[in-house]
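In the two assemblies presented below, chain A is common to both, partnered first by chain B and then by chain C.
After this line comes the complex of A and B, so read on.
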């Protein structure tokens, strides 16, 4: 079997707010193989963005800090890199696109300038060559009039076009890994489908591994090879898309699947699971899902289940095995 | 852009008209009689009447205003009651020193204000930030007369490096422009800091970092220009204030500018001079506002393009 390109091992990240430590990610294991699209799904607040920022090492400007574990990229631990080494990875080996295309581009700089900057940061090529490459990237993500767009400002483009620009920028140095944090959440459905298309094409052309973060299982089914379901800073279940959709084991996953919008229905919120995501202080001592789980047992409140077989964090699964 | 500017300038005319009326009324509300002041304490009633006659002060107010406006339209600002000289000449003479002092002060203020503001935003809550903000608070709260006198005491009297006052070569500008610029620098620094701190929270800053840019490039290319947009407006306003001439600083440093002219003409109830100065200050403010708006459009492409279409 091939080696994973990125592997997150026992990652812990917490935030210090007003002298208190808030654990946002608690012991995540996740691997990404070359050319693979892995979905990371979970309700808002489960720690998906924090996971991605931890991998990108972009927590410096927040009160957050990685407190344990390792993030191996091609076998080397990014967490041990110097600032300079980290910058060489960012945008070059691992790129990222974000949820808000409207605000993720600098409003006072032309599109071309922002693309060329990303290219020349990592490649020793002339301004003219970088410009040519930028136009090429814009064409690749399906932007019409790419030459003209180079001289336009972000506010002159629609949200979908801006997200295409973000993808072009992220892919411009041909990264091994692309992290996409809810890249289509802010877009309407038709645009969403187009952006997903662009990303699938990118994977095909560049053999890029994609960590695709979303709260929308419908998108996961369309995009991903494997899925990891996240809850309260943990991965509670993972497997291939087929396994998860055909035979979900964890009650939380079942709940999420139950709340996939039916064809034609407009509702896309994950609200069929009863109750709320508990705040950090209110998290149950044992299984973090205990207060919302329809199958909760006494034991669940007492002890947190481990990740059985590395794929399912629920005591019910242990009984099946027995 | 040119069309826009011309439109704005034409729009100023009615505004200046209203201002001239207000200035006229305001000036004539100042208690005291200029004729008596000029004539001196032992003047006869006849002498005072003569002076009134000469400057039209015996006319009804509306008549005085109409005469004033009629002359104004011919480019005649009238004559000073005190010196008898044309007001226009006096303003032109005083404008130069105030303008050059303002430019020198703004240069200090912008260099120090922006630098300190950026450093403290980048190093927020660390010692450079605390030091900068201590300086900024001092700059705002130290009265300029005190700062000016202290600087004269130290650098002119004790060390003898700079003259105590008067206008001349480069060295005469140092102390007064620093005195005047310190407060503005402090305001710009605080404004820049808070603006930059807001910008640093923006998504596109994170995008810049995710490209692998150094922190210097992130701040220099992506943050500062966005942060400057609101700072420009505020600096323009400060520039306008300085351009009216600082009464205190010009007095302390015997600077022959508009501020001292204003205080002198108010003391002497020199109506034509006061009126014209108020009108000049208003015009300055309006023009600076226009300049700020143009600069704003230059910094913010969104505004620029909306104007263009």
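After this line comes the complex of A and C, so read on.
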């Protein structure tokens, strides 16, 4: 068995607001193996984006702080790195793409300049070579007239093109890990299909491991090898994409799958999950899903279930095992 | 055969933007360019398309929030453009809208009671005493506890706000509800609750829906008939099942094939479209889709195809290769 390239162990992240500490991520364990695409799925407020920001250590500008756990990249704890070491890893070994490409590109710099800057930050090559490499990357992500685009500004490009530029930038130093936080959510479906193709090719050609964060279960089913489902700052279930979609164990995963309308299914009603995600203050004491769970038992309110078999957090499965 | 509740005929909206020194150069954006369809009472018509296709502009013209450049809208037998201001106000009671953004569409300074009561007051539908009872009734209908009446919108989540917006739309007992992306800002578990609610309300109050959305799975779930828009034009229109199972227009096919399916074993022929949506200010000649269409030939660039009935399926599509693909 190969070693995971990235492993998140018992990660805790919380936010300090008005003197109060609000836990956003509470004890996450997740591994990413070389060449693997792992999906992190959950609804708003489940902590999936905070998880990715914690791994990239991009919380400095926010009131957030990693309060416990470790993030091992090739066996070394990223959380203990100095700023200098972090800069070296970020963009070079681990890259990230965000949902809104417009806010992640500098609006006053030409595309080419931004790409070259990113490349030369990590590679000791000349301006000319970096430019050549940048054009090559733009071609790789399927951007037509790449030479011209190098001299254009972000606002001159469409959303799909900007996201391609972001992917080109993220991939320019051939990272081992790519963290993609809702990379296609802002895009139309036909453009989304193009971007997903680009990402699949990147994985095939460079063996990049991808942590794919999204709320869209359809995208997860198409892209991922393994899936982790988050709810209220925890991973409530994880498994291979087949296990999760064909034999979901946690009632939340089941509810989520029942909630999405399926194309051509001629359903009359959707199985929805009652109620709504509790706010941090209102999270139940025991299982965080207890107030919405159709199978809730007395025990669920009292004690939070551990991760049974390392794959699902539900007391129902303890009974099965016993 | 029932008379249609809403008839839209040759609807166009051209936005003119003037640029340059002394606004010398004019640019015309053909946001909606000749759209016709009708909706029968009790039916749900889904209008689907990608951003910039003109689906929201169409909805806004029907709502009389935007004036049409050309074409007519007939609601319940009345030509909307021929109504006086007073008559229009009266007619507005019969068509209401649900908006996409549940954060921007509720006045943050009004309580839930005032938000839901406002249309009742504007249309003078209830006495002062009757208003409270009606507000409570509406809260019950959309599944919100009565005690929320005194609260303000910021205290609610997106799904709850959308329920408030629905209660407001239902207040004046409309015949037609235009819902513009009502669930796209919501999480999936909340989205399914709101979709189920919309279906229940339709049965309970005999509502007719114009449902505008970009998500084909959602449109498939809720609609009886579907119209597919591309660059300001309807390219295909027909019964839901026929459109979804047997799409005729190459754009509809590409759109359907691009929808991610929540089944890891699904094997599908993906038609990946080349390039981006052309700008509506400079639309391609002939068929608007020919720049991205995998089947385009000479005629497509020169001649705009009209909507025709396909022999194989009985629904209509605008393509020169209809029945040949």
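Going forward, the second predicted complex is superposed on the first by the 314 of 322 C-alpha atoms of A that agree within 3 Å, B and C clash if a C-alpha of one lies under 4 Å from a C-alpha of the other, contacts with A are read in each partner's own complex, and residues count from 1 in each chain.
We adopt the following convention: contacts are C-beta pairs under 8 Å (C-beta built on N, C-alpha and C of every residue); 3 or more make two chains touch, one makes a residue touch a chain.
No experiment lies behind these values; they were computed from the predicted model shown.
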Which of chain B and chain C A:109 touches, first, second, both or neither: first
Contacts of A:242 with chain B and chain C, given as first, second, both or neither: second
Which superposed partner A:96 touches (first chain B, second chain C, both, neither): first
First (chain B), second (chain C), both or neither touched by A:218: second
Touching partner for A:63 - first (chain B), second (chain C), both, neither: neither
Chain B versus chain C as contact partner of A:306, first or second or both or neither: neither
When both partners are placed on the shared chain, which of chain B and chain C touches more of chain A: C
Chain A to chain B touching residues, read off their complex: 56, 58, 61, 87-92, 95-96, 98, 100, 103-109, 117-118, 121-122, 153, 155-156, 166, 169-170
Residues of chain B touching chain A in the complex: 200, 202-214, 221-222, 225-226, 229, 299-302, 305
Partner chain A, residues of chain C touching it in the complex: 50-51, 157, 159-160, 187-193, 195-196, 199, 214, 216-218, 220-221, 241, 244-245, 254-266, 270, 272-273, 275-277
In the complex, chain A residues that touch chain C: 43-44, 144, 158, 160-161, 188-194, 196-197, 215-222, 241-242, 245-246, 255-274, 276-277
